[in-house]
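Presented sequentially are two complexes of chain A, the first with chain B as partner and the second with chain C.
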Partner chain A sequence: MSRPGFVLEVDRSTPPTLCWHGEGFKLLRLPEGSRILYPPEPVDALKDPDDAIRQALLHPEGDMAPLPTLMKAGMRLTIAFDDISLPLPPMERPDNRQRVIEAVLDVAAEGGVDDVVLICALALHRRMTPAELRHALGDRIYDAFAPHGLLLQHDAEDPSALVHLGRTDHGEDVEINRRAAESDLLVYVNINLVAMDGGHKSVATGLASYKSLRHHHNVRTMQHSRSFMDQTRSELHTSNWRMGRLIAASGVKVFQIETTLNTDTFPSAFGFLQKREWEWGARDRASFLAVSKSLERTPDRLARSIFQSIKSPHKMSSVQAGEVEAVHAITTEHVYRQQLVDVEGQTDVVIFGLPYICPYNVNSIMNPILVACLGLGYFFNLYRGKPLVRPGGVLILSHPTPWAFNPVHHPSYIDFFEEVLADTTDPVEIEKTYEERFATDDWYRHLYRTSYAYHGVHPFYMWYWCAHALDHAAGVIIVGGDTKAVHRMGFKRASTMRDALEMAEDIVGRDPSITHFHCPPMMIADVH
Partner chain B sequence: MKALLFERSLPKFAAARVASEWRSGSGARVGPLRLTDVDEPDLPAPGWHRVRPRLSGICGSDLATIDGRASRYFEPLVSFPFVPGHEVVGELDGGARVVLEPVLRCAARGIDPPCPACAQGQTNRCRNLAFGHLKPGLQTGYCSLTGGGWGTALVAHDSQLHAVPDSFSDQAAVMVEPAACALHGALLGRGGAGHETAVVIGAGTLGLCTVAALGRLRPDIETLLVVAKHPEQRRLARDLADCTVVEPGELARGVRRRTGSLVLDSGQLTGGASLVFDCVGTSQSLSSALEVVAPGGTVVLLGMPGQVKVDLTGLWQREVSITGAYAYGTELVAGAGTEAAVPRRTFDLSFELVADAGLERLVSALYPLTRYREAIQHAAAAGRRGATKVAFDLRPTRKFRTKEMHA
Partner chain C sequence: MSIRNAPGARALSRATFPWTTPTWPGTVERPPAPNTLGVDYQTEWARSYGARLARVVVTEGVTRPLAHLLAAPRVDGLDRLEQLDEPVIFTANHASHIDTPLLLGVLPDRWRHRTVVAAGADYFFDRRWKAAFFAFTINAIPIERLRVNRRSANLAASLLDDGWSLLIFPEGGRTPDGWGQTHRPGAAWLSVRTQRPVVPIYVEGTRRVLPRHGNRVRLATTRITFGKPLRPREGTDARDLASQIEGALDVLADEQQSDWWTARRRAAGGVTPALTGPSASTWRRAWALGDHVGPRERSRRHREPRWPDL
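Entry: the complex of A and B
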C-alpha cells in the first residue's frame, strides 16, 4: 500500500528540500513555517498488464461492444496512438502503447482484419523519429507496419488527408484525419500521465487540423479553464467534448483505450529524486552527492544528453476500454487516486523547481518558452479547486532558462522569441497580431510536414498555456535563469532562492506564506 | 589657429593601422593626426568666405582615415596635410550660422562650364575633384587649402553654404550633412511594385538617419527591418520609424518571417527583401545584405566599404544589384500638391528631415579639440557606449566638458 502525498510544514528539524533546476537540482532550506507538498508514493502496478488489457478489450465500458465483435473481415481499422509528448520521461520498454496495440492487433488478426493503419496522433507536434516510434511501439509492430507505409504520422497540414465533419453548436470547426474518420473503427490508444490527457481530447485534438484546434487552443479558453486537471471546469475540455460528440454523431466509431501509470518516475540510480529527504538512506545521500558533483563538472550538452536518456520505470496502473466518456471517467479516478494531494488554503508564494523535461522537449532542449510553459502552464495548473498560489501572489520558478533552442524541433519558437516577445508578452495582443502569420507560414509548414519541427503556431499555444497564471499571479521570478532570456519574457530574475523570496516580499508583503511544490513525481494539489 | 592636422607619414599610417586592429580609434594616439597651430587658410578666390566652425562631427570615414583603414583609392582625391572635419555648422564673419555642404565640386573649383554631373545637380558625382584652382580634395576636410571642421577656421565657397534657420540648434544643424548622406541613399532603389520590404543594416548615425528618411520619404516601403547591435540603437531606431528591430544574428530569420521565404540548406533565403541598405560597409555587412536581398533586389551601399571580400555568386544567380550612395546632390521627389517629381537639393530635404525627425537627439557627446583622442575613441566605440554622433565643440565661450546628452 503506497503512502498518500502530504503537506510538510518546515521546522528546525526539517532537512533541506530538493528543488529541481533543469538538468540538475539544488537543496533548499526554506523559512520555518513554509510548506512542502510531497506527491503520493507510486500506487501498485497491474500484476499482469497484458491480461488486464485483454480483459478491458473483452469487457468494454459504456455503450460499446467487446472489441472482437467489432472486428470484421474487409473492414478498415485505424489505430491512433499518443505521440512523443507522453509519457514523461519516456518509459522503459515495453511502452503501454506497444502492449495495447499488440493486443488490439491480435484481436484484429483473429477477426480477419487486414486493412490496418497506425497513426501517430501528433496534432501540431513534431513528427516522431523512427527510433522514437520503434521505442513506443516495439520492434514487432514497427517492422510490420513502417516498411509498408502503414505507420503514418498525422499531418494537420495535408488538406487531402483531412475531412471536415461539421461545426459544433458553438460554431467550432471539427476537422480531423480523413483515414481515421473514414475507417469502420478507430481505436485510440492513450497514456494518461495527468488528468488532462485523454477523453475526447485524444481524437478531437490529436488528430485535428489547425482550423479545428484554434477553437480551443486560444487565450480565452486557457484563461477560462480552472483547471485543465478538472475536466468539469476546463473550457479546453468542454470544447473538446463538444467536438468529440460531433465526431461520434458523424458516424466515426471510436473505441477508446486508456492506460494510467504509477509515479515510479526515476530509475534506481536517481531513486533519491522521488523520496522524502529525511528518509534518504546512505545510498540515496551518496547518489545525490555523486550526481550533483558530477553535474557541476559536466558541460550543459552532455548533462542534457544524460538526462534525456533516462527511461522511466513507471508501470501501468490501470487500463480501461470502450466508449470514450465512460472510459475517461474511470481513468480520471485512477489518475486522481495516484496524484491528488489535499492542501488547506492557498499561499502567497509558490516555488516550482522545474525539471529538464516537459511534453515538448523530449530528446531536445528546454528553451525559454517551454520553461515558461512548464512553470506557468503546467505546474501552475496542477491543481483542483483553486490554484495553490493566491490571486496576486508570486510564482518562483527555478531553472537555468538558457537562451537556447533546438533549430530542428523548434524553428518557429526562435522567431517567436526574437520577434514576438520582443514586441509584447501579452497573450491577447500576441494572438491578435501574430498568430495567423506564424500559423500560415509556408516555411514552418514545410518543416512541420517534412522534418521534425513543431508547427509554426505551437509556441503561441505554449504562451497561451501561461495565460491563466499570468492573469492570476502578480509576479513571476526565475531563479538562476539567463538574464536576457528571463527579461525577454517579462519576468524577473534572481540569483538565489533567498533573493527571489526577498523580491517576492516587495509584491506580497513581509513574511509571506511559502509553498514548495516538490514535483516531479507528478501530483495534483487539491486545494480547499 | 588651433587645428587637428592630418599629415602624410607612412610609418604613422602603419602604426595607426596596427593599433586600430587592437582597438578602434587608437589611430588618434599613434597615427598622423596631431593638434597644432596652423595658419588660417587663405580665401582662394572671390565667392569664398571664412567660416568659424561651432560644432564639427566625427564621421565613420574620418575614423577610417585616422585608423589607417581608408582605401588607397582616395589618395589622388586628397591633398596633404589637411584638417579633417566635413560635418560642420559654423559662423560667417557677420555672425550668420551656416551648414557646410563639403563636396568641392566644379563651382568651388572655379571650373566653368561645369562637368555634366554638376550641371545636372549631381554634384556628388563631380568629375573634377582633383582639378581647378584648388588642390585635390573630394570634400572640405580632405583638401590642404580649405581647412576643415576640426580647426577653428576654414574657407568655403558660396555654393557650399546653407543658412541655418534660427529654430535650429547647433546640434540639429551639425546633423544636416550626415542626414543628407542618408537621405540620398534612402531615395535610391525606387520604382518597385510598392509594398517593399527593406532592411537597414547598421544603426549608427548613418543607419539611424537612413531609418528616419525611409520612414518619412518612402511610402512604397511597407515593412522595414533594422539591424541594431546595441540597446540604445534599438531604442532610437524604433523611435525614428515604424520598424522591426533585430540583432545582427537574427537578420536572416527576421527577413524570412517578413517575406514568407523558404530557406536553403546553406541558410540562403529563397526570397528576401527587395531593398537592403548597408550602412556599415564591411565584408560581413555586405555578405549579410546579399544573404537577405530578394532575387532582382537592390543593395544600397551607404557605409564607406573599402576593400571587402564577399561571395558574389548569389548576386549573379539572383540578378541582384549593388549601388553606391555617396554624399548628396539633387533628388527627384514628389512636389507639394502634385504627383510629378520635382528636383530638390538634398540639403534642403535634409534640413526638413532633421527638424521633422528630431535628429539633433543623435548628438550624444561634445568634446573640445584638446581632448581629441578621447573624442575619437568615444566615436569609435559609440554604439557600445550608448552614443551615436560625437562632435567637436569649437564655440569659443563654451565651458568644455563631455556631456552625455541622451542618456
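Entry: the complex of A and C
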C-alpha cells in the first residue's frame, strides 16, 4: 500500500531536502516554517498487465464494441501510438506500447486483417530514430513492420498525407493524418504520464498539422488553461475536445487504449531520489554521496549521456480501452489517484528543482528554452485549483541552464534564442511578430521532415507554455544558471538558493512563505 | 595531542546529513519501526559458511575450553548415540546459562557444529547486539516461549528438515529454585512434525557454576548424561511424546543419583522421583532439594572467610 503525498512543514529537526539541479542534485536547508510537498509513493502495478490489456480490449468502455468484433478481413487498420516524449524517462522494456500493440495485432491477426499500418503520432516533434522505435515497440513489431514501410511517422508537413476534416463551431481547422482518417478503424495507443495526456488530445494533436495545432497551441489558450492538468479548466483541452468530437462526427472510428504508469521512476541505484530524506538508510546516503560527488567531477557531456541512458522501472498501473471520452475519464482518475497531493493555500515563493529531462530533450540537450518550459510550463502547471504560488509571487528554478543546444534536434531553437529572445521575451509579441516566419521556413520544414529536428515553430510553443506562469508570477529566478542564458530569457540568476530567497524578498516582501515542490516522482498539487 | 584535536576529528564532529543519519521532522509521525528483533530476528547470516567457520574457531578456541574449565563435565551415555547419524533434537533440563556452551562442547563432533540452539526470543533477542552475539556464538535461533508462534516453530522445523540438529530446553527457562519445571510440548511437537529423534540429556551441577540471578561464576563439577533416543512413531501424539521426554529425564536424573539398574527398576515400577520435586511450600521444596555441593566448590568454600569475620 503506497503512502499518500503530504505537505511537510520544515522545523529544526527537518533534514535538508533534495533538489534536482539538471544532471545533479543539491541538498537544501530551507528556513523554518517553509513547506515541502512530498509526492505519493508509487501505486501498485498491475499483476498481469498482458491479461489486463486483453480484458480491456474485450470489455471496452463507453459506446464501443469489443475489439475482436471490429476486426474484419479486408479492412484498413491503423494503429497510432505516442512518440518519444512519453514516458519520462523512457521505460524499461517492455514498453506499454509494445505490450498493447502486440495484443491489438494478435486480435487483428485472429480477425484476418491484412492492411495494417503503424503511425507514430509525433505532431510537430522530431521523428524517432530506429533504435527509439525498436525500444518502444519491441523487436517483434519493429522487424515485422519497419522493413516493409508499414511503420510510419506522422508528417505534419506532407500535404498528400493530410486530410482536412472541417472546422469546429469555433472556426478551428481540423486537419489530421490521411491514413488514420481514412482507415476503417484507428486504434490509438497512449501512455498517460500526467493528466494532460490522452483523451481527444491524442489524435487531435498527435496526428494533426500545423494548420490545426495553431488553434490551441497559442498564447491565449495557454494563458486560459488553469491548468493543463485539469481538463475541465483547460482551454487547451477544450479546443482538443471540440476537434476530437468533429473527428468522430466525420466518421473516423477511434478505438482508444490508454495506459497509466505508477511513479516508480528511477532504478534502485537512484532509489534515494524517491525517498523522503529522513527515511534514507545508510545505502541511500552512500548512493547519494557517491552519485553527487562523482557528478561534480564528471564532464557535462558524460553526465548527460549517463542520465539519458537511464531507463525507468515504472510499471503499468491501469489500462482501459474503448470510446475516447469514457476511457479518458477513467484514465484521469488513475492519474489523480497516483499524483494528487492536497495543499492548503498558495505561497509567496515556490522552488522547483528541475531535472535533466523534459518531454522534448529525450536523448538530447536540455537547452535554456526547454528549461524555461519545464519550470514555467510544466512544473508551474502541475496544479489543480489554484497555482501553488500566489499571483505576484516568485518562482525559483534550480538548473544549470547551459547555453547549449542540440543542432540536430533543435535547430530552430538556436535561432529563436539568438534572434527572437534577444528582441523580446513577451509571448504575445513573439507570436505576432515571429511565429509564422519560423513555422513556414523551408529549411526547418526540410529538417523536420527528413532529419530528426523539431518543427520550426516548436520553440515558440515552448515559450507559449510559459505564458501562464509569466502572466501570474512577478519574478523568475534561476539558481545556478548560466548568467547570459538566464538574462537572455529575461529572468534573474542567483548563485545560491539563499541568494535567490533574498532576491525574492525584494519582490514579495520580508519573511515570505516558501514551498518546495519535491520532485521526483511526479505529482499534482491540489491547491485549495 | 588530544583526540579532539586529531586531524579530521573536528571535521568528523561537524559532519551532517547525508554523512550522518538524517533527523526526523518533528511534524511527521514516526511509523512503527519494522520489528527485526525477537522472533522476527533474521539468523540466516549466522548459518552462512563464513559465520560457521568463525564459530568453529570461537567454539573450539574459547567457548568449549572455558566451559570445561568452569564446569569440569563428566559425560556419560554417549554410547547410546552411536547408531544415530541424523539430525536430532537434544532436550535437556535447564539450570544455568552455562548449560548451552557446556552441552555444545560435549556434543559428539558430528553434531557439535551443525546444531542450532532454541533460545528465548524475549530474552536473547531483545537487543540487536545480544541477538547478533548469541546468533553467532551459540548459533541461537529465536523461539517464542511465552505463546505459540508459528514463525519460530516453522523456522526450527525447517532447519531440522535442512539437516540441522536442535538443542532445546523444554522447561522454557532456567529453574528458579533448583527443581525441574514442567515441560512444554515444543520439542515433542517438532519431533512429531519432522520425525526426528529426541535425545534427552540430564545436566547436573551447572547451577552451582552460575545459578539464575547469580552474578558470580564459580568452579564446580558437573555431570551430563545422554539418554536413549526417543523416536516418534506414526500417529504419536505430541503430548504423549512430551511426557516420555520428561519421564526419560527423570530416569536419567535418578540414574545419576543412584545407578542405572536401580533407576531402571524404579522406572519399571513407576516410582522414579520426579525432577519437579514435591508439591509443597517453597521452603519445603528448598529443604528437600538438599545441598548438592560438588567437591571442587566445597574446597573453594573452605577457603572463603566465614561470616561474621571477627
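FYI, the second predicted complex is superposed on the first by the 528 of 528 C-alpha atoms of A that agree within 3 Å, B and C clash if a C-alpha of one lies under 4 Å from a C-alpha of the other, contacts with A are read in each partner's own complex, and residues count from 1 in each chain.
Here, contacts are C-beta pairs under 8 Å (C-beta built on N, C-alpha and C of every residue); 3 or more make two chains touch, one makes a residue touch a chain.
Bear in mind that the values here come from a model prediction, so they are computed numbers and not experimental data.
Look at A:Glu419: by the touch rule set out above, it reaches chain B but stays clear of chain C. Of the two partner chains, chain C is the only one that A:Trp280 touches; chain B does not reach it. Of the two partner chains placed by the overlay, only chain C lies in contact with A:Phe288; chain B stays clear of it. In the superposed pair of complexes, A:Trp443 makes contact with chain B only, with no contact to chain C. In the superposed model, A:Leu8 lies in contact with chain C only, and not with chain B.
Touched residues of chain A were counted for both chain B and chain C, and C has more of them. Counting contacts by the rule stated earlier, no residue of chain A appears in both its interface with chain B and its interface with chain C. Those residues of chain B that touch chain A in the complex are listed here as 244-247, 250, 253-254, 256-257, 260-263.
Interface of chain A with chain B (complex): residues 414-415, 418-419, 422, 437, 441-443, 446. Considering their complex, residues 8-16, 27, 276-280, 285, 288-289 of chain A touch chain C. Only residues 16-19, 21-28 of chain C touch chain A when the two sit together in their complex.
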